[in-house]
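Read from first to last, the chains carry the letters A, B, C and D; within each, the first residue is number 1.
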Amino acid sequence: MNPETYSLIKLTLGVIATFGLYSVLYRENKFYRFWEHVFLGLAGGWALVALWKETLKPSWYDKMAGSIPETGGEGTPGYFVWAILLPIGMMGYMVFNKKHAWMSRIPIGIILGIWSGQQLLNFWRTYSPQFRSSMPTIVPTRWEFMQPAATPENFTDLARHTYISEAIGNLVAVITVLAVLSYFIFSIELKSKFMQGVTKSGRYLLMIGFGAIFGSTVMMRFTLLIDRMYFIWVEWMSQRLLGN
Amino acid sequence: MQYFDTGKYQVLFVLVMVAFILINIFRAQNKDIFIRRIAGLNAIEDAVGRATEMGKPVLMVPGLGALNAISVQALNIFAHITRTAARFASPIRLCCGEAAVFAVAQEVIRDVYQSEGVPERMDGDSVRFVSDRQFAFAAGVSGIMLREQTAATFFMGEFFAESLIFAETANSIGAIQVASSTENTQTPFFIAACDYVLIGEEFYAASAYLTRKPVLVGSLVGQDWGKMLIASLVVLGIAMESSQRKGWIEQMENDPAAKTSMMRLFSPEPPDPATKPVRQKHPEEGEAQ
Amino acid sequence: MATPQKVPGSLNIPREALFAALFVVCSILVFVSIELPNRVSNNSADLYKVLKEIDKTKPVILQSDWTKSTRGESGAQFDALVRILIRERVKIALMSGADPQAPEVAREAIRRIAVETEKVTGQPYKQWEDWVFIGFFPGIEASLQSFSSNLRNALSANKDSDTAGVKRSVMESPVFAGVNRIEDMGAYIIVTASKTSRIAIERLSGKVTMLGLVTGVMGPETYNYYQSGQLSGLAIGLKGAYDMESMMAYGLNTPDGQGVIKVSNAKVTDPIEGYTGEEFINLANGQKYIVPLHGAIILLITAILLGNIETIRQRRRRNG
Amino acid sequence: MIPWSFESGSTQLKIAIFVTLALGFGLFFALMKTPPRLRPKIAATFTFLAGLLYVGIWLWPTAHGREAGDIPANFTEGVAFWLEDTQSQFQNLSNILTSFLLLMGVFSLVRLHATRVSKKQRDWPFSLVLLICVAIMTFIGYWDWLTVMNMKPEELEAMRDVTNQPFAVWMKDLLFDGLLQTMEAAMFSIIAFYILSAAYRAFRVRSVEATILLASAIIVMLGLLGMAENYWSIMIDNMGGLEDPNALVNNLRLEAITQFIRDNLQTPGLRAIDFGVGVGALAMALRLWLSLERGGSTS
């Protein structure tokens, strides 16, 4: 097919689909419903393709059957034990059978067991750097308020020392960690006014962080929209349709 | 490789946490334990009740995450919600984006209806697999919400960018929303758009709060002990770091490899290559590598 | 806390009007091409400095983990990055770890920019000779672990087509001449829209110079690694892409013909040249998108302000 | 000879796979006959064993300085070697099992919509569209895969020119790249609209929490506006920030303010949430691993 025609068809279909999905912003309508079902259908179909092509073939079948390279050289042997996963996986399908539904717990249990084991194994590895960063020094080692501007000569010296302003910042950080942790104590009734205040401030401190996350997400989300607008108005309309 | 030197304390620390949890699970068998109020959870009954009044379905989404503790926990909460819905006879929609979660959901929800004695109320629409692709899932669930005008929606589990699509769509149809995400990056969007939000560990505390089962309540107490252990570690660490820092900087002048106690604890020395045991090699493979 | 208050006679803007305004603002501003004043962030300046001063005899590993859906940010960053690398004639070993679609998107971009650069310099930048695709690694944790212990072993089974179209082990490519370990690489650069940067940093930092180009959402999280020095340079979101493009166009801390320094930075103070002499494309999608981005954010802030004015008005009315 | 394996394509391998499958399905049918009393215990055993490997790696001493081809010096090392080797094989296990289950997900989706079509329920034409799309995408997907897999290198090279692409390849490109991925990008970008409406509604000076949220979001957003940051910086420069890099006024730069929020409030706050979540997940992992709550939590 002519590449020009092909790319016009492809882009036009993409633009129509994009408008179809955008139409839901006004209200749910038949146009949206059509494209939603196309979307779900294509996604479902692709799932079936990717299932074999991207997961089962490379990480299961090829290991089980091994390989003989076409160009000669050493292949990999087939590890036949992998075949056992097929019947175990099939047990999951018993969920549709009321009488034997319990069998689906075997593959599920294996998945959850692996997850749980990894959780125990990785707990320290995941959280210890965070523990470490929660323990800054809160006593200054230099009694100047501000850290002076960095120059190549004083760089390492600056990094080692803690200045008053930095110590204050660290103290704020530590208070934040402890206040937020206290917010997540569930089983102890906090009766003192002070502790109630701490818990409450923990929640407020969290809101600062959440606001900041909201703010920093904005750039990316808007850029994605702008990219779509560029796709519709520049790539499709201006470049393809009007031929600029 | 970190089993020598301070590496041992790492294993010890996690073992202590594990012990806290297990001890409290056994301790809690015959005790009534206080749990603080969690706002979003009290709203569940009201939300389901309102859906019943309006004759509209209750929607639940366990997130897009793989089958792990988070999605299982979400399904635990949904089992409770479904029980309430089954009593009120409101229809439910549970939309999954991960087939393994769908399999568990299917079984859990069927059990709930059976134990309530109304197995006929669960139909093919109740528990659905929508799509395993993030945004196809988002489009599909939005469509279901808008077409069926769900009156109460529950988003609990691992949510990513799609969180705001769900929350705003549900908001536009005036549904009561209770949400929670263990992904910190999504919580702000739920806070901005939903009526009630469970933050962080409140999500894990939810099933203990709702069911008051001794195992769960005990485990929650154990978690609290664990957090207090972390808090004390932090306080101790700050005290030691602050007291040693000045000395460490002076020491660095002579020995650039000097470390404070906390540095040593958190980055133990790799084992000395000299202590490596002598091993024989497999005859043929030693070469081939 | 977010249930809309429906007060009769209020000036609440309906959702549809907000949506329409955003749509219109973004649609119109994609056609407006002006250069907005910009101050380069420290992290972007560091990134540019490292890229320009990289050892040209060593290849870099480029891990590309973005696809069409985040083209706006990652695409602009990737283009700017590859333009610099190709112009500096640094050899690239391309790989992906997050999405099966990522390799194709990246390969297309490299081929496009190679052709574009050849038009200006006359030097081709060929697959297999100058850059090579080393594979898609679905289990990225384990793969990076083996990279870190022995790069040559980890990669020798992976194949790419050579100039004659024959599949050969990537380690035979001229790109990897003299490379055995990860330490022999010039840099490890990761362009990502997800958390894969963290996995790479945890496994490889300290062994090789690491650079990151991440989306705005991943920015705050990744910034910690820049601060701790694990990442030598970092571009965040569209701002990062625009920073790179302006440094390419005007150089960093370098005066132009009139002696005016157009782009400067307080942290990176040495002058670093841009690509001003020849007919290079420097300002691209980063610059094109930054205008509508400003429009959209200003719209957002205006909407929030209007909403608050309305809230305060209502409160006054209720109280008085 | 590597244990548990035969040469690829050999008859022994085929027989071994067949026998393994036969044993597996034998187990399958045996399990169907187990008395209800034993069932929870069987499921719990599988879960426990799957997790035990990782707990073993966690608690068992790691062999130190292992090199390829080493023979373990004693029993402890033997176990450590075995754990290490098994772990690398285990890594994909969850993925593979999940993939087998994915088929079930798609199957149930198709079943739901097929029922709608056959019973002519509400919106059945749309369900029909969905079914057609599943069928076409699956068919084209595999056709394309097989076509490309059987191509010679020079044919692959020639395919970069669209005119040389076989039908299956460009049809897949049209459906996958042109439609599916474009729709994903479209749905992703819809979030921008929702961000606007959510911010408009929620960021009000209504309660303390909402006000805090509003303030910190606005500061961060101003920092994103390159232009605003530029002019703000010029203002600070003019206030003396440029001449004296140590001047206090430099702390009022947007970059400095956002950084202070990020380093001393946002990151520590989120870290504390993560501690809670981590402990919660640890507790949940223990309960799941030891099956302390009954499987699906319903009792």
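To be clear about the criterion, a residue touches a chain if its C-beta (ideal position, glycine included) is under 8 Å from a C-beta of that chain, and two chains touch if they have at least 3 such contacts.
Source: prediction; values computed, not measured.
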- Message: Quick check for the class: compute each chain's Cα centroid; which one is farthest from the centroid of chain C?
- Response: B
- When you average C-alpha coordinates per chain, which one falls nearest the overall C-alpha average? Tell me, please. A
- Item | More contacts between chains, A-C or B-C | A-C
- Query: How many angstrom between the C-alpha centroids of chain C and chain B?
  - Reply: 32
- Message: So the centre of each chain is just the mean of its C-alpha atoms; given that, what is the distance between chain A and chain C in Å?
- Response: 18
- Per the C-alpha means, the centres of chain A and chain D lie apart by a whole-Å value of 7
- Task: Please compute the C-alpha centroid of chain A, do the same for chain B, then give the distance between them in whole Å.
- Result: 14
- Message: Please output the residue numbers of chain C that touch at least 2 other chains, ranges allowed.
- Response: 1-2, 4, 15, 19, 22-23, 69-71, 167, 216-217, 220, 237, 239, 296-297, 300
- Item | Contacts with two or more other chains, residues of chain A listed in rising order | 21-22, 24-25, 33, 36, 39-40, 42-44, 46-47, 50, 55, 59, 92, 95, 105, 107-108, 111-112, 115-116, 119-120, 123, 134, 174, 177-178, 181, 184, 206-207, 209-214, 216-219, 222, 224-225, 227
- Query: Which residue numbers or ranges of chain D touch two or more of the other chains?
  - Reply: 58, 92, 94, 97-98, 101-106, 109, 123, 177, 180, 182-185, 187-188, 190-193, 195, 197-199, 201-203, 209, 213-214, 218, 221, 224, 245, 262-263, 266-267, 270, 273-276, 281-282, 284-286, 288, 296
- Task: Based on the touch definition given at the start, go ahead and assign the chain network to line, ring, star, complete or other.
- Result: complete
- Counting only contacts in the complex, chain C reaches chain A at residues 16, 19, 22-23, 26-27, 29-31, 69-73, 75, 100, 138, 167, 215-217, 219-220, 237-239, 267, 285, 288-289, 292-293, 296-297, 300
- Along chain A, where are the residues that touch chain C in the complex? 22, 25-26, 50, 54-55, 58-59, 71, 150, 212-213, 216-220, 222-227, 229-230, 232-234
- Item | For the chain D and chain C complex, residues of the former touching the latter | 88, 91-92, 153-154, 156-157, 177, 181-182, 184-185, 188, 192-193, 195-207, 209-210, 214, 218, 221-222, 224-227, 229-231, 233, 245, 255, 262-263, 266-267
- Query: Across the complex, what residues on chain B touch chain D?
  - Reply: 1-4, 11, 14, 17-18, 21-22, 25, 66-67, 69-70, 72-73, 75-76, 79, 96, 98-100, 102-104, 107-108, 111-112, 115, 124-125, 128-136, 138-139, 147, 161, 164-165, 167-168, 171, 182, 184, 188-189, 191-193, 199-201, 203-205, 207, 213, 215-216, 219-220, 222-223, 226-227, 230, 271, 273, 275-282, 285-289
- Note on the structure: The chain D residues in contact with chain B across the complex are 58-59, 61-62, 64-73, 77, 94, 97-98, 101-106, 108-109, 111-112, 115, 123, 180, 183-184, 187-188, 190-191, 194-195, 197-199, 201-203, 213, 270, 273-277, 279-288, 292-293, 296-298
